[in-house]
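Each in structure tokens, the structures are laid out below.
Paired with subunit B in one complex and with subunit C in the other, subunit A is shared by the two complexes that follow.
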Partner chain A sequence: MTVSHIFPHLLNGLSLGLLFALIALGFMLIVGVMELINLAHGSLFALGAYFALTIIDPSLSWFTAAEDSYTALPLIYRYGLALILAPLLVAVVGMGLELCMRRTYGKKAEYGLLLTFGAALVIEESIRLTWGPTERYLQVPEFMTGAMLFAGLIYSKYKLYAVVLSIITIFLVWLFLERSPYGAIIKAGAHDSEMVRALGINLTKLRLLVFGFGAGLAGFAGIVMTPIWGLRPHVGIDAVIPAFLIIVVGGIGSFWGAVIGGILVGLSVGITGAYASDWSLLSMYLLLIIVVTFRTRGLFGKKSILEN
Partner chain B sequence: MDNKSGKSNSIVNSKRRTLLKGAGVVSAGIASGFMGPWVYNRVYAAASDKPILIGLTSDASGQYANSGASDRRGMMMAVAEFNAKGGVLGRRVETIHFDTETTPATGSRVAERLITRHECAFLIGAVSSGVANAISQVAQKYGTVYLNTNSSSPTESGKNCHRVKFVWDGNGTNFAQAAVKNAIDTYGKKWLLMTNDYVWGHNTSAATRSLVEMFGGDIVDEILVPQGTRDFSAMLLKVQQASPQVVAAAVGGDDQKAMRQQVSQLGLGQNMAWINNQQDWPDVYGLPLDNLFGVFGTTWYWKLDLPGVAEFVERYQAMYPDTRMRVPGNVFYNGYMATRELLGAVERAGTTNNGKVIMELENLKVSARDRMQHHDAYMNPNTHQMQQTIYLATANQTAQVPDDMFTVLSQSSPEDVRDNGADMTCSLESLADTPTYEM
Partner chain C sequence: MIVRKIAAQDWITKEMLLIFVILVTLPLWIEQIGLYRYLGVEIVIWMIYGLGFNLLLGYSGLPSFGHGAFFGIGAYAFGLFQLWFFENLWLAIVFAIFASFIAGAAVACFVSHRRGIYFALMTIAFGQIFWFIAIKWHSVTGGEDGLLNIPRAAADFGIFAFDLDSNTELFYFVFIVFVCIVLLLWRLVHSKFGKVLQAIRQNEERARFIGYNVWLFKWVAFTLSAAIAGLAGVLFSMAQQGAYPDVMALHASGIIVMMTLIGGGFVSFWGPVIGVTIYFLARDVLGIITEAWLLWFGLVFVLTVLFKPEGVAGAWQEWRKSRTSTVSGYQTLLQFLSTKKR
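Take a look at the complex of A and B:
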């Protein structure tokens, strides 16, 4: 096994890791601030992609002329619109879910888990009823499609684009959390919600916005990932499991934990995928076991209020 | 006192002996019960107005959820057609469905429930070979006739065959027989296998491997693809590094959809020849044609220029006007054909007695016209697999009508693609060892 042989796989694992980190971001935010494992994360991920599907290629049978002039727009405009609008729509759905969640606050964690699990089923079934059960294809602009040659191997242009988009999104979320007053409030809310409330900040509104933000990020990740994974009503299950695993590996509530956790999972899946492919899915669970054995709170996890 | 005591002891001893004898008789009875005979008979009230209940064991979730739905639609159309003609033996046919979740353990549980609690006369449905194998073990235990409609591991009619199970799809060996020799001659001898890491993938790749080696080819690598894989980038990089002339993929369901999408993005479909052992219609329906690279096998296509095909498509569209899949595919076809032939066998047998239905199905011969295929088909009585025409197809880049996604390249007769290995490995239970019933 030479360096030139393994290098493409390291690069691939890294890029895969950044995509995993993007998937986990919204999940991390909701767990960190709301102490809630959102099992509907995967369904919101799928919903984002389906909203984008409709925004890019709507079927307005009630107003054919409008549809014709809209679909005449270049794909890049419709795709750009979908990239902004679809996550916002998912955020609205997420906020609706948060309103339902309120009766579970202060009760056992199982109530929240059950509610989000139920919501995941409802969302998935709604997708099936609305868009049908068959495989769908999310169009992307022409310049993102095709392949490129690097060091004698072919890489997907779209994957490169997805990785760049992931890096930008991770940076923007970091900027928001670390360099904006809103981010400071969110982090404070995660650390000590009672104190935040005592300072006069409306915690109810904060939770609503954070849930919406997390859901929007899930929807955004769905738009980015489904041109690679394919789009079907149950695609969300492919997202929620790695997302959960990544935040446990990285440490619950830790931003960089989610990013590093994602990269580690990506590297383990990427390397085993090349050299022991039958272990590629199992490798992420082995990584989880190893990390949790030595650091119960994950790589960057601090003592959380969940432990109080 | 002594006498009394002696008498008393005698009575006690006598009682003890009687008790021991009784216990001995009971134990012997129980032991003989456990020692056999194992076969028992179930006869249910078969009143003429009692419906014949069929348990549908198709996946509604998991990797084969989409194909499971298509399979089920096929069965339902056959049932509806029989009911429209007045049922079977004058009795209405009813169905009950439980989701087998593309999971063997669930398949076992569902089969047990359908047979023992709902008293189904027959079980129909499968896409995953692991699930089909699990269901058939339960079905054999009760003697319930089970139709494996769409799972195509060679083991299903090979080492995992059962007297009660009938397999309706072509299997991995049939498809490999149709493709390998031509592909070696056309594309080259350097092959790489991509294998879904479960029973169907392994057995299909094993069949491909033996044929490639038999025709002088060389397998340079075999990449195992775990079920649930969504990112194939590492595996596709490895494929490039191995630079084979032909990639033979035995990857199914959602895994295959993701793989196709990613191979297409890389343009690898044009760089090397891809042989996809079998291509189920629900897995590709609605995808761009770019994703439909390579050559693949199928048992039926909706644009075959044969009598009855167009009418069959019309009946599908009339029955399912709101289904997104506007034309039937091979999975629907197999579900329909299996159910139709089962109900036909019950009619010919004049009874739901499983032994008689099994014998009817074992002697089944269907003309090419009735099968809507190019060759006559027949049930192999030694393996219980339907011997039928196998087609090789590729993407139709010049389609004139929507949904005309395939171009059929060739058709092979059942004898050309026969799975001889199955005849050697299948050992069916005798009818005497199969519990009998009549519903």
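Take a look at the complex of A and C:
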């Protein structure tokens, strides 16, 4: 096995890892700031894609004339609109969830987990009722489709676009969390909520916004990922499992932990995929178990109340 | 120190007898109320599963989101033993329970030093591993189609044997297992072992400082619970004459958590029994009216977590307490005194 053999698999794994990191971002934000495992993350991910589906092609037949002139617009405009509007709608749903969640604050952390699990089921069933149980296809603008040649190998253009988009998003979230005053407040709120309250910051509102932001990121990841994975009501499970694996591998409460965890998981899936493609997804669970056996809090994790 | 003698209610209670009577007569009346006998079989199997699961969730406070794996391992092992070796009910059952016991013991080694959220996440990961293997290992498990045509051999007791072909016979077989599991678990949770598990749930650190080997208690609870789930899986594969991977998926593992919680597993031994009944009635009664029954079940679960984590059993206990206190203060006083004495 030479370098040239393994190279495409490494590249494949790396790109998958960056996409996984994008999926995990919203999850990381919520778990880091609110110390809450959001098992509804996957459902919000799917919801984002379904919202986008309807925004791109609203066959609601409420106002037929308006709809016709809207669908006559070039796909790229409608897609761009979906990319902005759908995550916002998901963020609103997420905020609604956070409002319900408030009753569980101060109780054991398991209640949050149970509640979000129930919410995941409710959202998934609502999707099934609204959009039907069959597999759908999320349209993407034409310039993103097709294949391209790079270093003698064929890549799908859409995958490249998705990777670029996820790098940009990861960078923007990093900028927001690490280089803006809002990020400082968010991190301080996670670190010492009483002190932040004493400084006159409305932590209740902050938590609502952070949850909305995390949910919006989940929805955004859904729009980016589902053209690759396909869109069905239970696609969320394919997103929430890697997300939580990545967070536990990377360590709860660490931004770079999430990114590096994502890349590691992607690489392990990509490389095992080269040898045993059927079993590639098993490697991410094994990675988790190996990492957590030797480093209880993951690679970059800090102590968190979730351990209680 | 007062050593309390083992009282009669540590073995058997009125509620237990009531449930036994309801279940033993179930084949006589279930068709009269518009349901079918196979539903009874299914409900009792899941009650066994739920009771074993509640040893973890309710008594030890350990939320396992991967328990379906052991249920599935029991089902597959039962089928594989008979397909590979020979048809024998008892040996296949022993083999299947042993398989889920071993799997449970192995997983327990990795999760017993954890609690709360981390415990839940680790169990999700392990549950997914077993589910994934069940789907992908076509040559053994039959992949996504599952294992088909698992024989349902006659229950041979040496002196006499009876076929399990009809649903009524199968129901009584499952019912006898249910009675054994109820008696075993009831005795267990009212023993010192059960008390230590509850102490761990309330405050793990304190239990450790008192000198209990918390890790070992959690390990035993997890392994035992996995073995019972395996037994339930055996019965399920007998009922379905097949073993399918979907009982091992995260979705199915979550459903058992939901059933146990809605019924009131946190406060009552009978929580899972109530929860399982509610789930299957919702599936079969609500399912006729609306396709969205799972949505409603999910909403009920969310509301339960939000407003009444003690579930149906908790609500019932509270109602009874409030009722006795309004009926007469004297009774309450008596009750108070009698609880003090114990």
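Please note the rule applied: the second predicted complex is superposed on the first by the 301 of 308 C-alpha atoms of A that agree within 3 Å, B and C clash if a C-alpha of one lies under 4 Å from a C-alpha of the other, contacts with A are read in each partner's own complex, and residues count from 1 in each chain.
The working rule: contacts are C-beta pairs under 8 Å (C-beta built on N, C-alpha and C of every residue); 3 or more make two chains touch, one makes a residue touch a chain.
This structure is a prediction, so every number in the text was calculated from the model and none was measured.
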Side-by-side fit of subunit B and subunit C on subunit A, or clash: clash
Partner chain in contact with A:281 - subunit B first, subunit C second, else both or neither: both
Subunit B versus subunit C as contact partner of A:178, first or second or both or neither: neither
Partner chain(s) touched by A:68 [first = subunit B, second = subunit C, both, neither]: neither
Subunit B versus subunit C as contact partner of A:158, first or second or both or neither: first
Contacts of A:137 with subunit B and subunit C, given as first, second, both or neither: first
Partner chain in contact with A:192 - subunit B first, subunit C second, else both or neither: neither
Location of subunit C clashes with subunit B - one stretch out of 206-214, 224-232, 242-250 or 278-286: 242-250
Overlapping contact positions on subunit A, where the subunit C interface meets the subunit B interface: 234, 278-279, 281-282
Subunit A residues within the subunit C interface of the complex: 37, 100, 103-104, 108-111, 113-115, 117-119, 121-122, 125-126, 129, 234, 237, 241, 244-245, 248, 278-279, 281-282, 285-286, 288-289, 292-293, 306-308
Subunit B partner contacts - residues on subunit A that touch it in the complex: 5, 8-9, 12-13, 15-16, 132-137, 145-147, 153-159, 227-230, 232, 234, 238, 269-274, 277-282
List of subunit B residues in touch with subunit A within their complex: 61, 65-66, 69, 197, 223-226, 228-235, 237-238, 240-241, 254, 257-258, 261-262, 265-268, 271, 282-288, 291, 324-325
Contact set on subunit C toward subunit A in their complex: 61, 63, 65, 110, 115-118, 120-122, 124-126, 128-129, 132-133, 136, 250-251, 254, 257-258, 261, 291-292, 294-295, 297-299, 301-302, 305-307, 309
